[in-house]
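The data blocks that follow each hold one structure.
In the two assemblies presented below, chain A is common to both, partnered first by chain B and then by chain C.
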Partner chain A sequence: MIDAFFIARHSFQEQLRGRFFLVAVLFGGLLLYMSLLLGTLAADQELRALLDFGLSAAELLATASAVFAVSSGLLRDMETKTLYLVLSRPVRRPAYLFGRWLGINAAAFCAALLMVLLHLLLLLSKGWVWEPAYAGAVCGILLKVALTSSLAALLAMVSTSTLSGLLMTAVFWTLGHFTLEMRQLLEREAWRAKLIGFTVYLVPNLGLLNFRDQWGAGSREMLAFAAGYTALYAAACLTMTAWLFRKKEF
Partner chain B sequence: MPEQDESPLLFDNVTKTYVRSHLGRKKYSRGVRGLHLNIEQGEIFGLLGLNGQGKTTTLKLSLGLLEPTAGTVRVFGQDPFEPAARAQLGYLPELPYFYPHLSPREALGFYARLSKVPRKSLRRRIDDALADVGLLAAADRRASEFSKGMLQRLGLAQAMLHRPKLYVLDEPVSGLDPLAVHDIRNMLAKLNTQGATILLASHSISEVERLCRRVGILVEGRLARILTSADWAKDGLEKLFIETVMPEVPLP
Partner chain C sequence: MKAEQEEPLPPDVSWKKALLFSAGFVFVAAINAVSWRIAPGTLVPLKLFASAQTAVQDVSLSVCGMRRLAADIAFVEFLLYYGTPELAEQEHEEAEEPHMHGEGGVYPELLARGRRILSLDPHFDYAALYIGGALAFNQGRTDEALMFLEEARAREPGNWRFVAYIAAVGFNKTGSMESVLQALAPALADRDCPSMIKNIAAFMNVRLGRYDEAGRLYQQLLDSRDESYRASAKRVLARLSLRRTQPKSMRGSR
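Right, the complex of A and B next:
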């Protein structure tokens, strides 16, 4: 476990020196620009629009940076053979994998929280009054990042390039927002149910973590349920990734 | 714990066949076949062979990066897939690549922790390793700014900083200038006099001839011949190598 910690620390440092600040600065600039634009376009609903836009942008950027780092990082380590210098040491393969994932997620969480801080400052400067639902929405974002990046790790292991890994993750991520609709379809039409039934339950239920759209739904019970679901889904993905990784030859 | 009287590296009838699947069809290619090899304690053993004859496959099998299709590989009596076996190994890959965001000192710190170097001796070990390979002055530069020779030296430093008993080196002097070759040769000889066992794969016959006491020649994945320094004392290793890999070619 201590190896996973060293690898996580290294991955975190790598992210921090890489695109971490770029993402945060990009977000800050975009937010300020949009706040000016929204002030003109949505005069009545400026705060609501700014709230939604800021949280969506933070979620998208944090998820994208974590998914990209997981997908490209694992494959890059294999292609450049930097992995040889790690795996030729007394390090178990799952420890490398878990450490990599953990470090990348820690960096993505920091980036998300920095963006949230910028967002909050902007909202408060516009006269917004703090609502506890905001904290629930932020928790949902962090859970989504963790869940999506664990899925990205699994898909990176079965894909041959970063691009295909990213594309597959994007497809699952998109479908993950429509699991409710897919399940309703399943209940109505039996033949289709057989066809897609298996797939529907593999797709992560990201709607469950979307406390941003269900403003105020983030009760403690709901958050605990969402955290449990994320932990189980991520654990299943990482376990399968570790199994595939153990079989991999370099 | 590994037995200290066990052979540092043992290949017992090892075969490695690569399987590649493409569109449901499997393609098989040879890695090594029926490899029997026992690397003895304290020796420098050289692996020679033309490209694609199984040298790197042999090294990867000893590191647990590849699993044998048949036969067994043992590092000090243990399966190389076990971390305890790999703890006694130092590996230098051909063209070592380091994380570009790290300085050599940081990179060595990272690898040292993974090799279970105690925290209290970490700094001294890193400084010693950097000094041994002549990189102490460049310790805080980015590894991405390094020349090939400097990367090779850094590669050797990361292999030796946890003081392994067995070194597995893939082309340690490939593409280096004569001074770097000289330094690395001296470093390997020094490690050997300190008791380390070394397995090195190389294309450089002259280097292998100077450093090794025994040499194995791989031909089409098979260990075609094992030679000792007495065998090449008269005519040189190059002649014996050509005789082995291309028996039909007449020698001048």
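Right, the complex of A and C next:
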């Protein structure tokens, strides 16, 4: 566990120094600035438009930076043999994997929270009044980042390149937001639905964590349930990744 | 030759792998099934309205988990559509169909656009009330307005605003402005009441000679985020204050 913590710290620092991470944060700031335009067009609903655009941008960029770091980092460490340096020490492979995932997520959380802080300043300057639902939406964003990055780790391990890992994660991520529609298709019992039936049960239920779209639905009980779901799903993904990683030959 | 050099994996590994992954998949499927049952969520499956172009836009944002943002953009598009009368007139002239304002000839997409917004975000009260109000009080399409507001109420049965609006639209059909204002009273006192509805209510009050009430509503409109309502309220308030300063004998000539 101590090994995992040290690797997490190193991974966190590596992320903060990374160019992609910086670009993501800067782009997030730029998007927030651009959201002012949409807000102006929305007339009376300016605050709502600013709120939705800002939170969506923060989630998208935090998820992108975490998924990219997880997908590329693991494969890069294997290709550049950096992994040898770590594993030649008495560090167990699962500890390395978990530490790396933890560090990347910590950095992504920091990026998301930084963007959220900027967003809050923008909203408050426009006369927005604090709503507890905002905190629920931010929690949902962080949970989605954690869950998606654990899935990205698993898919990176089964894929042969960073690009294919990223693409597979993107597919699962988009399907994860469409579980409601897929389930409806399943209930209709169409023959096509049977084909996707199994997939529906495997894709993450991201709708459950989407408190941005279900404004005000993020009660404490719901948040606790969503956190439990994320923990279990991420644990399942990371366990399978660790098993694959344990058997991996470099 | 190379294949001979490689050490084959122990025979139990593939079984273990298959077992572990099967267990993992079953576990994930189980927690997904439990999550669907316990927390079905407040969203409804997406339905596509309006054109193919907007359908692509809505689906693209929805698969990214941004349905509220998609609804916001759809509402902005609605405002642009509804705020461009010349375009609607021109299009209609091209179609060579006779029409009059308030008889369904103008802004034929109002209802479809409203449904699109509600499909993306069933809890977007403001948009529902705005579009319902526009259909009923501006366009005179009472039946469409009632149908739309009933659909909105069905998605959110506990929302009293829809009840008030439906009552107001019903009274509007009978031509009783007093009853309309009475039905709208709780909605007008609401912080989130659309500026358009306040503007209509203020206008009705002026028509009924209730200048103080009209003045109060126009005062509220001065804080609207919509420039056109602010400008209009400023104009009417100036007229009302002029009316107060004028002697009674001169008021009739105006």
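Here is the rule we use: the second predicted complex is superposed on the first by the 230 of 250 C-alpha atoms of A that agree within 3 Å, B and C clash if a C-alpha of one lies under 4 Å from a C-alpha of the other, contacts with A are read in each partner's own complex, and residues count from 1 in each chain.
Here is the rule we use: a residue touches a chain if its C-beta (ideal position, glycine included) is under 8 Å from a C-beta of that chain, and two chains touch if they have at least 3 such contacts.
Keep in mind it's a predicted model, so treat the numbers as computed, not measured.
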item	value
Which superposed partner A:L167 touches (first chain B, second chain C, both, neither)	neither
Partner chain(s) touched by A:T80 [first = chain B, second = chain C, both, neither]	first
First, second, both or neither for A:R89, with chain B first and chain C second	first
Chain B versus chain C as contact partner of A:Q214, first or second or both or neither	second
Partner chain in contact with A:R183 - chain B first, chain C second, else both or neither	second
Chain C versus chain B, contacts on chain A by residue	C
Chain B versus chain C as contact partner of A:L26, first or second or both or neither	neither
Chain A residues within the chain C interface of the complex	38, 41-46, 48-49, 52-53, 56, 59-60, 144, 174-181, 183-184, 200-208, 210, 212-217, 222, 225-226, 229, 232-233, 236-237, 239-240, 243, 247
Touching residues on chain C, where the partner in the complex is chain A	13, 17, 20-21, 24-25, 27-29, 31-33, 35-36, 38-39, 41-46, 62-69, 72-73, 75-76, 79-80, 121, 123, 126-127, 194-195, 224-226
Contact footprint of chain A on chain B as seen in their complex	18, 60, 63-67, 83-84, 86-87, 89, 91, 93, 95-99, 101, 110-111, 113-116, 158, 162, 168
Residues of chain A defined as touching chain B within the complex	3, 6-7, 10, 13-14, 17-18, 80-82, 84-92, 249-250
